[in-house]
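Listed below are the structures to be examined.
Next come two complexes, and both contain chain A; in the first it sits with chain B, in the second with chain C.
And now, the complex of A and B:
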């Protein structure tokens, strides 16, 4: 009796959030899903109720689109792997720093990277990596190049660097908590049983970090595959990924239906990735997640 | 040759000294306890022996070989943690096989040894259990099996029973002691529970402020405490404050609360010194009769009586001091009343003085 009453009160408290989610997320996304099956048109969007699979056929029959999908997936996977290898040691350091002042300092360092607007951070990156940027100027000054700039930006490499810079703090944040949750006695137990520091790390710490590793990679994957700003600014429209197609179709060509199709496909890829991660997570964790 | 030898062991953290000049030799097969309140340096000492903490100065020798430079995995020790430290991502079998696999034992051999180890700790058939599917007692048994299966030279136990409930703790106490004496493995046991230390140990080092306050057999430490700290930490005791008023070769006279008693003399006391008499509750008798020879008697007043089930406990005022007496309830236990004047008695052999 009391339980149901408390439940009802909880529902009441959750209602505004639920409504917001419904009105400003679920409905627009569903609308997008709906028009992705509508007959393509140009101009101001309206629902024409002429549903077929034409847009999807178009997507999978033209290399420019499905190659962009493959590029997007490859890019997001690469970025999630790089972010893991850069982020894990840093997260490990933060997790094992017991001194509160030092720990706070490291945490602020990571979080401050998230505070600055991404566009501003990318402009900073451009100052560093542009053809006349700091790196190229320094290289020329040191005589390592004959003045021809090293192409650091407006290519795949630039996009990867930009995406890693953008996603690394998320990776670190998902790892720190998990690593901190591993009791130090577990590693000590492994050591006393005959494991070297390295063995203890691989056989105890890494497997026990797996939930954080997988959720971090999934988060980074989702952020990277859906990023529009980074491939635009760092890739200079040369690295064409799905969000760029979506933006072009809708904003420049006013082809809402086809833009929506690309968006739905990107969304499905993210969901698929999530399922793959989830399954491998539960397999790696021996069914504990 | 002693099995474990601590030589002037010191551990400092910044300006605080956690372990301060600890020297002790532990014999092959001995059950040795480090006993003390939290922060006394007992766990730090154990962790230095294991190699989890570095040594600030001094040396640790295992089988006569200095091991300060050796990492934990090269010390041939087994360590059991207060929280058991069962690997949660492995089942019981893999937990116990962990050390054997690192030593590259063949698979059939591992299976045989793990099975035998599980039998030894009474956990046969639970190979597939995960950490979160086991009770504390079961985890403790697995932790012991995991350590013993690697046949370490020395077993180190860090408060292994403190997370268990009382009944299980009592049971495990005897079980661990039996297992240890059957295997004859040198064991160092850290605890803050004097009952555990007294029951299980061959010898106990009582620690305080990073130093060994007293080193001895359980009997020594209980009956002949070196100072007030040890007397109060081990078992219950009443301290009768007074003065040494006369001394001979066989004993001394101790005056407290306006009465004189016979007591054993100790070399660090002389006539005129203030001292305290340690009286264990079970060694103090309450009676209407006069004390016999070799017995001390004091006149006291019953101020409180409490029934403890197996025993009766009296608080007795002797002068302005209090003595506790606790005796088993038998058929001839006298019925005393509050305010009654009685003879408070204890044998001369139990009249142990402490410097104050």
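And now, the complex of A and C:
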């Protein structure tokens, strides 16, 4: 049969790619899990099949680790809420901009801001927000401060601003398509039945953009919880989150097994967020997904 | 859609202010990098001192930032080519063959976009060392990490293009005597070329700006630009780093304008983030 022949050819052609993902993705991630269950021994990197829970006990019994996990989760949730409030109006504006040139221009701005290396964007933010940064200089120049700098970074606030800057484009892109897909006649129908503009917005547009809101918040949560550069540069090592622990355990202390454990826990938190997202998404769709 | 001017009039006033604030947060840091790289003084002051090209010149004479920029270019081009080849072949299988577990396979190959880059980098690093395959902190090992996170962009865009593909065109070419390879080269590739270009550009840019995956995989003697900038930024604000940033900004903006010219930007984002 031609179909089976064609099928065999497709599988054969895809084999290099599938092998690539098997060898360099599935096996390494499995190895990470296995290593996290080996007894912690400084300097040894090998899979020893120990199935030992010691690293996990250590993580959940020491305040510096589980508090870092809670801080990471709290930070990521806060950032996803702020990114939603800042991102929704811009996404709405882009979705409702019908002039193609203006629309493309706005999309290029958002995409460029998203794709530019975060370290470069952080350079700009740090020059802006540092103790001797532009904002503090401008405040002193205008006579608003007596020269003592306003602490804008190397603290929790700085990390939040950095993470919002980092994740905002992802939120906007998740929302634009969904808002665009809402047929304008639905809002017009609500208006013609006597709803005010705001009521029509809250009762029609917001519920219909829920899929985009959920997927955007999930994406922002996953990005914010796993960012290493933003907390280290904007927090000046004072806001200790999970990625900082991973890096320290591996690169500074050579505690490979425990570093792997922290990485697995961060990974599982992302997966848990994804499951919560799928549950809420399917409830929204009335069980159709 | 009908009622074009009406649509824009629907945006509430408060939304315009918040949207303006969001654009401000997105763009001001980038603008500051421009100022810092073109500033004539040693560091940026308010009000600014004046413009000069001395830091741009310093970037071209730099023995750390210029090699890092070029190294990132090489890594990004290599990752892009490998991702395009592997990704297109995987997309053909995912779209044109029906088999049990197809959705699962698609989820697996797309998942590196959603997984923390630092976990992917660490997994590979541990894998390289514990299996002792000589890839830890080598250029090949680094490229492998980058392909993992860039390939899903190619798969997302190419498979979206293949779904809407009219296969009767291929059948016509075959029935007129073209070989499979000729049909693929002269019919399939040209028809999906917008998706190939967009996927390639995205793969290139994602690799060029990649920090998380590179963190554990960077070779000791060669540093990609994001890692080099991070190392210098931990200690001081060098205007030369901002000058390097200006060239990275150009590269990103040009890439996005090219993508916008050849494809519908909205379709791209739909393929990858929804």
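We take it that the second predicted complex is superposed on the first by the 262 of 289 C-alpha atoms of A that agree within 3 Å, B and C clash if a C-alpha of one lies under 4 Å from a C-alpha of the other, contacts with A are read in each partner's own complex, and residues count from 1 in each chain.
Basically, a residue touches a chain if its C-beta (ideal position, glycine included) is under 8 Å from a C-beta of that chain, and two chains touch if they have at least 3 such contacts.
Worth saying up front: this structure is predicted, and the values here are computed from it rather than measured.
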Regarding the shared-chain residue A:246, is it in contact with chain B (first), chain C (second), both, or neither?
second
For A:273, decide between first (touching chain B), second (touching chain C), both and neither.
neither
Of the two partners chain B and chain C, which one touches more residues belonging to chain A?
C
Tell me the contact category for A:234 with respect to chain B and chain C: first, second, both or neither.
neither
Considering only touches as defined above, state whether A:160 meets chain B (first), chain C (second), both or neither.
neither
Have a look at where A:195 lands relative to chain B and chain C in the superposition and call it first, second, both or neither.
first
Residues of chain A that sit at the chain B interface in one complex and at the chain C interface in the other, please.
197
Note which residues of chain C are touching chain A in the complex, please.
1, 3-4, 6-8, 10-12, 14-19, 21-23, 25-33, 36, 43-47, 85-87, 89-90, 92-93, 96-97, 99, 105, 108-109, 112, 114-120, 122-127, 129-131, 144, 147-148, 151, 180, 202, 205-206, 208-209, 211-212, 215-216, 225-226, 229-230, 233-234, 237, 241-242, 245, 248-249, 252-253, 255-257, 259-260, 265-266, 269-270, 273-274
Quick one: in the complex, what on chain A touches chain C?
6-7, 9-11, 13-14, 16-18, 20-21, 24-29, 31-32, 35, 45-47, 85-87, 89-90, 92-93, 96-98, 104, 107-113, 115-128, 130, 132, 134, 137-138, 141, 164-165, 168-170, 172-174, 176-178, 180, 184, 187, 197-198, 201, 211-212, 215, 219, 222, 225-229, 232-233, 243, 246-247, 250-251, 256, 259-260, 263, 266-267, 270, 274
Complex interface listing, chain B residues touching chain A:
50-52, 71-73, 75, 77-79, 81-83, 85, 87-91, 98-99, 102-103, 130, 132, 143, 146-147, 150, 156
Note: in the complex, chain A contacts chain B through residues 183, 185-186, 188-197, 199, 203-204, 207-208, 210, 285-286, 288
